[in-house]
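The structure that follows is given in the form of C-alpha cells.
Going by the order they are written in, the chains are A, B, C and D; count residues from 1 in each one.
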C-alpha cells in the first residue's frame, strides 16, 4: 500500500524532482516553480532565467564584474553568446534588452543548451575544486579581448611609442618566464618534502593546496566546504541523469505551446551573430598557409614522382612487387589517417588539454599510470620549433619587403644588426 | 702572475743587469718581510731548493729558500760575468744561465750579430727555453744591451729575431744604451745604425738610454748633494743612485750610479705588474697604449724624484714637483725635450702613497703645456702601484712616445754618414760572412724611414686639430 | 628574486666588493629609522636579492669574480674575508695569469672564447643557487681590456644562455683624460656590443664621481676606494628594497624587471644615469636637515640641467613652455641645455616618505613628446632610511644626460680611427676595420636618436 | 643640433589598433604575473618556517610603534586577509558560485567566508581592527576555542605524531593573528618559539591529511567517475531520442531549416585547420629530412608527400565549404559533415570531466623545461599574432609614403625593428656623402 502510493506520488513528482536536481546542479539554479511558471511565460520567471543563462553561458565571467551588470547588459551578453553558438530561435534574440517578457523563450534556450551537449559536465568541470598542482593553462590572448575602454591619445601616436610598448611587452614576457621557473622550483620542493604524505598511493605527495590546507586550518575548512558542495552538485547531476527523460517529455509540451516563428523574421541575419571578422580572417589566413604548403608539396613531390616513374619503368611487375607496393600504400594511408585524427580530436596524445595533476615521480619507484613529462616536452618542443619557424618566416618576409624598398634609394647605406 | 726573463748582453748589459738584480732583491726583501716566496717575487726570481740535485729544485710556494734570477747572461768576453760570479750576487745566478766566450766581438756589430749569432744560436736558444720553461706564464723578455759596442748591439739584436721566432707571444722590451758623441768606440755609429734596423723590426718596445743624459743627471745630483743645499734632509741610501755595491770595484765610478738609474727604470716599469695597486698596469699594456704604429715604439723615459726628503708626509707641492720634473728636459734619460716636441702618447707610472686625485690634478695642471698629436689629444696611460721604491715614499716613471726622440736618431745618422762616406773601418764589417754593403744602406733607409715618420708627425704640430667628418646618420 | 653579479676586471672587482659591502652594511645598520619588523623584512629582501646563506652562517655574495690576472681577485677575496660580515663563495672566482693589456680585442676574441666554459660554469653554479633568478649585474669598466672586452663577451654569452634573464651592465665610464690611451676605442667597441646584448647600461662617469668626492664628500686626497664607495652608495640607493607598487607591506620582488620595463623598453635607448641626493661627508651630515620638498626640488633641477651633483646646479634651466613656438626660445634653451627625458625613476627612502611630493617630475614638458608622464615616470618608496641619511632620493634617468659624453667618446675614437693609430693592436687579434665601422655606425645612431628626443 | 626629427606619426586608426593590441597584451601578461605572484607567495610561505603557534611575546610588538601612517592596523589586517583570500582563489571561486546559487551571501570577502564556514566562523577571532582582537586573541582564545565547536580535529592530524616531540600544540592554532601574518618576509630569527617551529623540509613527510577531507575527496572522485561512466554509456536511448527530437522540433519551430555555421564554429574550425596546417608542415619537414636508402623508403616517402598533398587539398576544400556556408552560397546539407566534426569541438571538451590524469615529472629541471615550453608556446602565439597585426598595419604605410624623406626613414627604421627584429634591435641608416 505504502509502496504503491509512493509510486503514484513518485510519478507525479517526477518532473519537479528532475528539475530540482537540475537546479541543484546548475550554478544559481532556480526553483522548479520558476520552470513551471516559465512554461506559461510568466514575467516573474524571466529575471532569474536571464541570470541563469548568463552564468551558464559565461561561467568564468561570473567571477568578474559581469554579475554586477545591469539587466539590460546581462541580456545583451546572453543574446550575443547564444547567437554565436548558433541558437536558431530569433524570438528571444529580438526581445528588447532588459524586458521581463519571454520567460518561456528563455526556458527553451536553456533546454536547447542542455540538449545540445554535455553542458552540465562542462560547468562542473570548469568550476571543479582543484586539489592538485597543474601546469599553468594560460593562453596569451591573440586578440584584444572585449574592447578596452581606450581613450584616444591626446597627441598623435609616434611610432616610437609602439616600439616602446613592444619593448615593455618583451620585458613582461621575460618576467613571466622567470616567475614561472621559480614557481616550478618551489612546487618541486613542496612535492619532494611531502613525499609519502598523500593517502593516495599514486600521488605520493601533497599539492600546494593540500599543504596550505594543513598549514592554515581556515583555508582547510574552506577547501573542505568547497569539496562538499561540489559533491552535492555532482550528486545532483547524477540524479538529473536518471530523471531527465521526464523533463524532455515535458519540454515537448512547452514547445507545443509556443507558436512557430515566421520565416520572414528568421532569415534576416541581423541577430544571427555576425561571423566575426576575426574568425573569417583567420580562416582566410589558414587558407593561404595551406595553399602555400600545397604548393611546396607539389614542388617537392612532382620531380620525385617523375624520377620514380623513370626508375620503376624498367622494373618487373611481379606479384611480389605489387604486394609490397600495396602494403606500403596501406601503411602510408594509415599513418596519414592517424595524423588527421590527431587534429580532429580535441586533444592529442602528449598534450594535456584538461588539467593534469602534476606528480613528482620517485626515483626508482614503479611509475604510476600517467602522462610522462618527457613526452609532453617532446610535443611542445616540436610545436615551439614550428612556431619559431613561422615567426622567422614572417620576419624574413618583412625583411625582403623592406630591403626591396630600401634598395631603390640611392645615397643611403643601411647597416643591419649582425645576424644571430 | 706573469714572469719576465732578463737577457743581459755585453759588458754594458751585464753591468746594468747586475745593478738591476741587486736592486730587485733589495726591493722584494723590503716588501716581503716574511720571507715567503710569493707571486711578486716570482716575476723575476725562482725559488730553488739548493739541496735538490739537478734542475728539479724549483719550489713554487712556501718559504724562500734560495732565489735565482730569471736571467740569461751573455757576453763574448769573460770579464764582467766573472766579476759578477765572484761578487755578492753570485748565488743568484748559476752557470747554466751563462754564455761567455773569450774572444770578444771587437766592437764589431757584424762579429756579434753574424759570427757569434750563428755560433751560439742553439746554445742561447737552449738557455732561453730553459728559462722559459721555469716560468708559469712568461710575458716579457727584457733585453739589455748597448748600441755602440759589438757584442751588445750585434748579438743583442740578433737575439731579438731569435726570440721573435721562438716566442712570438712574449713581448720583447729592449733597454738600449746609446753612445754619447764623445764615445771612445770609433765604430759605434756603424754598430748603432745596424742595430737600429733590428730594433725597428723586431722589438716591441725600446727604451733608449743615453749615457750623456745619465751622466748629466748624476753630476747634477752630486752637485746638489755636495753643495749641501738639501742639508741633512737627505736620507742616507735614499738616493736613487745609491747602491749596496754589487760590483765593488766600480763603486766610485760614475757608471755605477748611471747603471743604477737604468736598473731603477726597469723596476719601476714592472712595479705595477708585480705589486698591488689601485690601478694596475700590466706589461702588455705598455705597448698597447704607447705604440700607435708598429715602428714608432721608442719610449723616452724619465724618473723622478731623484732624491727624496726625510719628511715622509710630502706636502702636495713636493708631489707636484715630482710630476713637473718628469716632463723637464733635465730628467729625461736621453737628450731630448719632450715639452717642445709632439706627444703621441704618454704613460705615468706612479708608485707609493699617491692617489688618483693627485694624478688627476697634475695631469690637468701639466696638460696645457704639452703638445699632443691631433688624434690623441688626451693620451694618458696611468697606473698606481701602492709599493714605493726602497727608501722612497713615492716615485714616478714617465714614458713618452714623443717625437723628441728624433734628434737622437738624426745625430746617429749624421755620425754614421760622416764615417760611412769615408768608408772608414768598413772592411772589418764586410769581411764577415753575410755582410754586404746593402746591409748598411738598408739600415740607413730603415732609420731614415723612421725619422721621416717622426718628421711627418712633427709637421702636424703647428696645424690646428683637423675636424674629421664623422659618419653621418640619415636620421 | 635574486641577482647574480659578475665582477669583471680590476675596476669591476673593486667596485663589486664595495657594492656588496655597502648593501650589507646598510641592511644591517641599526639606524634604519623603522620598526624592527620592517627592518627584518628589509634585510631579508636584500639578502634574497644579493646574498645566499652558507653553512657557517656567514652570508655569501651572489657573485662571480672574473679577472685575467690574479692580484685584484686575491685582494678582493681577502678584503671580503677580513670584513667578517660577509664573504665571497668558495669557488666563485676565475683568474688567469696575464691580463688583457687594455686591448678590447684580446679580451673579447682571445680570453673570451678561451675561458668561456670555465666562466660560464661558474656563473651557472651561482645561478643554480638561486630559487629565482631575476637577472645579472655585470660590473665592468669600458676603458681597459678585461672589463670591456671580456665583459662584452660574457654579456653576449649570458644573453645566449639566459635569454629570459635580465642583464644590466654597470659601466664605469673612464675619465675624459688619462686612464688608458686606447680607452675611446675600447669604449666604443664595448658600448656597441652591449647595445646588442644587454638590456640596460647603467653608466657611472669617473669624472662625475670624482667631483662628488671632492666637492660633496670633502675628501682631500681621493682614492679609487673613495670613488667606488660613492658609486656603491648610488647603486645601493637604487637597488636596496623598496615597497612594491600595490602595497607597502611587501618589498618589491623584482626591481630589476620593474626598472627595465619602465626605463629601457626601446632598443635605441638603453643608457641610464644615476643621480642621488643628498651626498655629503658624515661630518657635515650631523649638522644637516632635509625636507622632501627641498631634496626633490634639487633633484629635479639636477635632472633638467644635466647637473651631476647638487653643487653648481644651473637654476636658469627651465622646461620648455609647451604651446609656445620654439622660435626665439630656442636660443635660450640651447644656452642652458635643457635635458629632455625619455623616462625617469625616482627612489625615495626615509622618514615621512609618504609625504614626499613628486609632482614636479610629472610635468609633460620634462619628457619627449611621444611619451606621457604616466608611462615615463615612476617612483619607488620605502620609509626605511638608507645609509645614514634620514631622507634620501635617487634618480635613475633615461635621458639626454649621457649623449654628450657619448658624443665625445665617439668623436675622439673616430679621430684616432681616421689616422689608423693603434688599429694594428686590434687587427692582431682578428678584428677588422669593418668591426670598428659597425660600432661607429651604431653609436652615431644612438647619439642621433637621443638627440632627437628634445623639443 | 640635429636637423631632422626622427619621428613618424601614425594615422589615427592604425595607432588605435596597434596601441590597443599591445596594451591588451601587456594587460594580460600583467594579470598572469599577478596570478603567478599570488601562488608564489603561497608556495614560498609554505617553504618557510611554519609557525603553528604565535603566543604573544611579553614585549610589545615593535610593529605597533611603527611611525608609518600607512601601517595602520586595519589596512594591515585587510592586506593579510586579502592574501588569504587569494591563496585559495580557485576554491573560493567555486564555493562562491555555489553559495551564490543559494543567494546567501554576496560579498566575496572574509565576512562571507566566515559566514559560510559554519562552526569555524564562530571560532574565528580575527576582527578587522587589530587593536582589540589582539587582547582577545591573547587572553581568551583558549576559552573561545573550547566554547565553540573546534573545526574538527584538524591540527592534531597535521603532523603524524612521532612521539610527543613532533606533536604540534593545537590550542593556539587559531590564536589572534594567524600564522599567515608573517608571510614571505618572515625571517626565522624573528620567531619566538623555536621549539614549535618546523620547516616543510624537515618534517614535511610527517604531514597527514585530515580524515574528513580524505573522505570528501574519495567521495568526490567516486562521483566524478560515476558521472563519467554515466555519460559514456549515455543515458538511456529514450533520453537521447527525446533530446534529439526536442532539438529537431525547436529547429523546425524556429522556421530556420538550414544551418549557418556560428561564429564559435567558424573559430573552432579555423583553430583545427591551423593546427592541421602546422602538423602537416611538420610532417613534411620530417619527410624531407629523410635520405632514402632503398627503393622502399623512397617510394614510401613519395607516397607520403603525395598523401599529404591530398590531405591539404581536403583541408582546403573544407575551408571553401565553410566560407561558402557563411556567405550562404551552399545549402545546409553540404555542411552536415563539417558540423558533426565541429560540434565535438565547440561543444566543449567532452573529456574534461574525467578525473584528473597525472602528469609525471622526474626532476625540477624537467618541470621547469615543461612549464617554460608551455609558456614559450603561448608567447610565440602572441608574438606571431602581433607580428601579423604589425605587418598588416605598417607595410601598407611604407608602400604609400613618399620614400626617402625623414618621416619615411623613421617609419622604415621603426618598422624594421618591429617587424624583422621583434623590436629587439635596430638598424642604422647612414648618408653616403659623396663629399667624404
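The working rule: a residue touches a chain if its C-beta (ideal position, glycine included) is under 8 Å from a C-beta of that chain, and two chains touch if they have at least 3 such contacts.
Predicted, not measured: the structure shown is a model, and the values here were computed from it.
Peer 1: Quick one: which chains contact chain B and chain C both?
Peer 2: Common neighbours, chain B/chain C: D.
Peer 1: Which chains touch each other through the most C-beta pairs?
Peer 2: That would be the chain pair A-D.
Peer 1: Could you tell me which chain lies farthest from chain A when each chain's centre is the average position of its Cα atoms?
Peer 2: Centre of mass proxy via C-alpha means gives B as farthest from chain A.
Peer 1: At what distance in angstrom does the C-alpha mean of chain C lie from that of chain A?
Peer 2: Roughly 47 Å, centre to centre.
Peer 1: Could you give the separation in Å between the centres of chain A and chain D, each centre being the mean of its C-alpha atoms?
Peer 2: The answer is 12 Å.
Peer 1: Can you compute the centre-to-centre distance for chain A and chain B, using the mean CA position of each chain? Integer Å is fine.
Peer 2: 81
Peer 1: Return the distance between the CA-based centres of chain C and chain D, expressed in whole Å.
Peer 2: 36
Peer 1: Can you list every residue of chain D that touches 2 or more other chains, as numbers and ranges?
Peer 2: Counting only residues that touch two or more other chains, chain D contributes 4, 6-7, 37, 409-410, 417, 421, 423-426, 428-431.
Peer 1: Residues of chain B that contact two or more other chains, please.
Peer 2: Residues 471-475.
Peer 1: At least two other chains touched by the same residue of chain A: list those residues.
Peer 2: In chain A, residues 153, 157-158, 160-161, 163, 165-168, 170, 172-173, 175, 177, 179, 181-182, 185-186, 412, 415, 417 touch at least two other chains, as defined above.
Peer 1: Identify every two-chain combination in which the chains touch.
Peer 2: According to the stated criterion, the contacting chain pairs are A-C, A-D, B-C, B-D, C-D.
Peer 1: Would you pull the chain D residues touching chain B in the complex into a rising list?
Peer 2: It comes out as residues 4, 6, 406, 409-410, 413, 428-431, 433, 435-436.
Peer 1: How about chain C: which of its residues touch chain A in the complex?
Peer 2: Touching chain A from chain C are residues 1, 131-135, 164-166, 196, 199, 254, 257, 260-261, 264-267, 369-372, 375, 438, 441-442.
Peer 1: Which residues of chain A touch chain C once you look at their complex with the stated criterion?
Peer 2: Those in contact with chain C are residues 153-155, 157-158, 160-161, 163-168, 170-175, 177-179, 181-182, 185-186, 415, 417-418.
Peer 1: If you look only at chain D, which of its residues touch chain C in the complex?
Peer 2: By the definition above, chain D touches chain C via 1-2, 4-7, 37, 61-63, 65-71, 76, 79-80, 184-187, 189-190, 417, 421, 423-426, 428-430.
Peer 1: Per the contact definition, I'd like the list of chain C residues that touch chain B in the complex.
Peer 2: Residues 10, 14, 69-72, 75, 96-103, 106, 145, 175-182, 210, 213-214, 219-225, 227, 410-412, 414-416, 418-422, 424-425, 437, 440-441, 444-445, 447-448, 452 of chain C touch chain B in their complex.
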